[in-house]
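Note that the chains are named A, B, C and D in the order they appear, and that numbering of residues resets to 1 at the start of each chain.
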C-alpha cells in the first residue's frame, strides 16, 4: 500500500512536471535531436522498469513542447540508467531531464548555475577509455564517476560533450520531476533573453 | 506539503488508470458520442478546478482508447460536478468514468452488477421537473438525489436515460480512478463476449 | 491512377484544413460535447469508407483545437452520411464540419450568413415523424429533405435543434475541407468579438 | 490552382504514408534516437518550407509508430535538405524516410537491397574533410556527392555511419512518401524475421 502510494505520487509529479513544460514555449529552442525525456525513479529502483518517464518522449508540436504519450513505467532507457547511477553518489537524486547542448547554451547554463549556486559539470567523452566504450553498460558508471571526481560531488547540471555517434546533451538532476523541469524552464527563459539581446 | 502529496497521488492514479484503459481495445465499442473522461477529485473539492481529468477527454484512435491530452486539474466540467455532488451522499466517492449506454449495454451492466454485488441505478430524465431543468446547475443535485432515493444509497454504477439534447450515458463511481477504470474494463470484456455470442 | 491522385488531394486538403483549425484558438469555445469532425468525400462516395475524416475527431487540448488522430478514410460515421446525403441535392458539396449550437451562436451565425450571402437553415427535430426516427438510417434523408424544402435549396450552413438524446449542432457544407474550415474560423472570430462586447 | 492541387496531393500522400507506418508495429525496433521523419518535397523546392513532413516527427507510443503532430510544410530540417540535394542528381526523387542503423540492420538492408535490385550506398563520415564539416551547410552536398561517386548514381537506400556528435542513420529515397514507407515497412518485416531466427 505504501509502495503503491509512492508510485502514484511519482507518476503524478511527472504528469504535473510535463504539464508545466508543455506550457513553456521558450523551451522549444532547447529541444535536442534525440528529443527530451523527464524521468523519476522509485526509491531503490534497480532497472528502467522502476523509473517513470514519458512514453514516446517529449517533442515540439505547433511550436510548443508536446508529450507524445503518457507518463508510464519503463518508458526511458538512457535517462533512467543515468538517474539510477547518479543516485549511488547522492541519495537525494530521483529525477532528471535532458536538453540541447551547444556553445551558446553552455554559456547561459554556466551563468545560470553560478547565479543560482548550482554545481555545474561536464563530461569530456574524448577521454572515455576504449575498454569502457567497448563494454556494454560500462559508459554510464564511468561518466557519472568523471563528474563526481571533477566537482567533488555529483553536479546539479552537466553536459556530455559530443561523442562518436552521440549528440551532446545537457542533463539536470534533482529531487523530483517538477523541480528539474522548473530549472529547465528557468534556463530556457534566460536563453531566450540572451538570444534576443544578441539578435 | 501534505496537500501537494495528495494532489500528486491523485494525478498519478489518474495517469495509471488511463494507461490501463489505453491498453484495452475492448473498451472502444463503449465510446459514447461525447467521448469519455475519467475524473478524480481532491478531498473536499468544491469546484472543477480541484478535480483532475484528462485534458481533451479520451477518444478512440486506431481502434484503441486514446487520451487526447494529459491528466490535468480542471479538465472536466460535467463529470467533475457529478463526483462533487455524489460525495455528499458517500464520502468514499472520489472518482468516476462515463461510457456509452444503449439497451444491449444496459443488459450487460445489469448482469455484471448483480454478479459482482454492485448497486445499479438509473435516472429517468423524463421525470426531471421543468423548474429543475430551467435553473442552471440544479440538474445535477436532482439527478443524484433521484439515484439515492431509488436505491436507498448512492449506486456504484448507473445510467442517465436520454434527455432532451442529451445522449444517454453510463457512469461508474468509486474510490479512485484505477478502480473505476478496472470496473469499466471488466464490463467492456463482458460486453465483447456477449456480442460475440449473439453475432 | 487518376483515382489515387484524387484520393491524395482529398486527404491533403483535409490535413491542411485541420492544420488551419488547430492554429485557431478562437474556435475552442465552439467545441460541442460530441467533439468536431471535418469530412471530405470522394466523388461518388457511397459509404463512409469513401469519406476522409479525422480519426478520433478534433477536441480541445491546452486551449487549442487538437486533432486526436490522423486524416483517414472511414473515420467518421454521422458527418460522412450527412455529406453523402447532401450531395444528392447539390453535387458541388464534398465536405462538412460540425460545431456547437446554442442561442448565442445561432445569432452570430445568422448575422454572418446574411452578411456573407450564405443560405442559412435549421432542422426542427421535434417535427421528425415517429416512423422516421424508428427506422434505422432514415433520419438523415428526412433531415436533408427538410432543409431543402425549407430554403428551396441545400443551405450552406444549418443547425439541428435538440433532439431526444441528441445534442444540437451546427453544420457547414462546402466544396472542400479548407473552405468549410475557413467559414468555421470566420464565425469563431465573429463569436469572440460578440462575446467580448457583451462581456 | 495547379500548384495548390500538387501541394494537396503531396500532403495527402504523406498522410497516407504515415497512416501505413502507424499500423506497422514491426517498424518500432527501427526507431532511431533522433526519431523518424517522412518528407515529401514540392517540385522545384528550394527550401524546407516547400517540403512537407510530420510536425514533431514520428516516435513510438504504446509500442506502435506514432506521428506526434500533423503533416505540415516546413516541419523538417535535415531530411528536407537531404531530399532537395538528392534531387540535383535524380529528378525523380521527391521523398525520404530515415531509420535506425546498426550492424544487424545493415546486414538486413544489404540483403533486402540485393533481392529487390535497389542500389545500396553508405557514407563514411570519417572521410569528411575538416573544411566541409567546418562550413555550415556544406556537409549535405558533400555527403550526397560521396554517394553518387561511389555508386555511379544516387542510391535508393543508404546509411550515414557514425559521425562526431551524430547518430548513424539509414535513409530511403523515392518518388513519393507512400513508396519510401512501403520499403521501410518491408525492411522492418525482414528485420523481425531475422531477429526471430537469431533469438
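As a working rule, a contact is a pair of C-beta atoms (placed from the backbone, for glycine too) under 8 Å apart; a residue touches a chain by one contact, two chains touch by 3 or more.
Predicted, not measured: the structure shown is a model, and the values here were computed from it.
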{"item": "C-alpha-based rotation, chain B on chain C, 0 to 180 degrees, nearest 5", "value": "180"}
{"item": "Identity of the chain that, by mean CA position, is farthest from chain A", "value": "C"}
{"item": "Same-residue or different-residue interface between chain A and chain D, half as cut-off", "value": "same"}
{"item": "Centre-to-centre distance between chain D and chain A (centres being mean Cα positions), rounded to whole Å", "value": "28"}
{"item": "Distance from the mean Cα position of chain D to that of chain B, given in whole angstrom", "value": "45"}
{"item": "Junction residues of chain A - those touching two or more other chains", "value": "22, 62"}
{"item": "Interfacial residue positions of chain B with respect to chain D in the complex", "value": "22-23, 62, 64"}
{"item": "Chain C-facing residues of chain B, complex", "value": "33-35, 55-57, 59-62, 66, 68-69, 162-168"}
{"item": "Chain C-facing residues of chain D, complex", "value": "5, 7-16, 18-19, 22, 67, 70-72"}
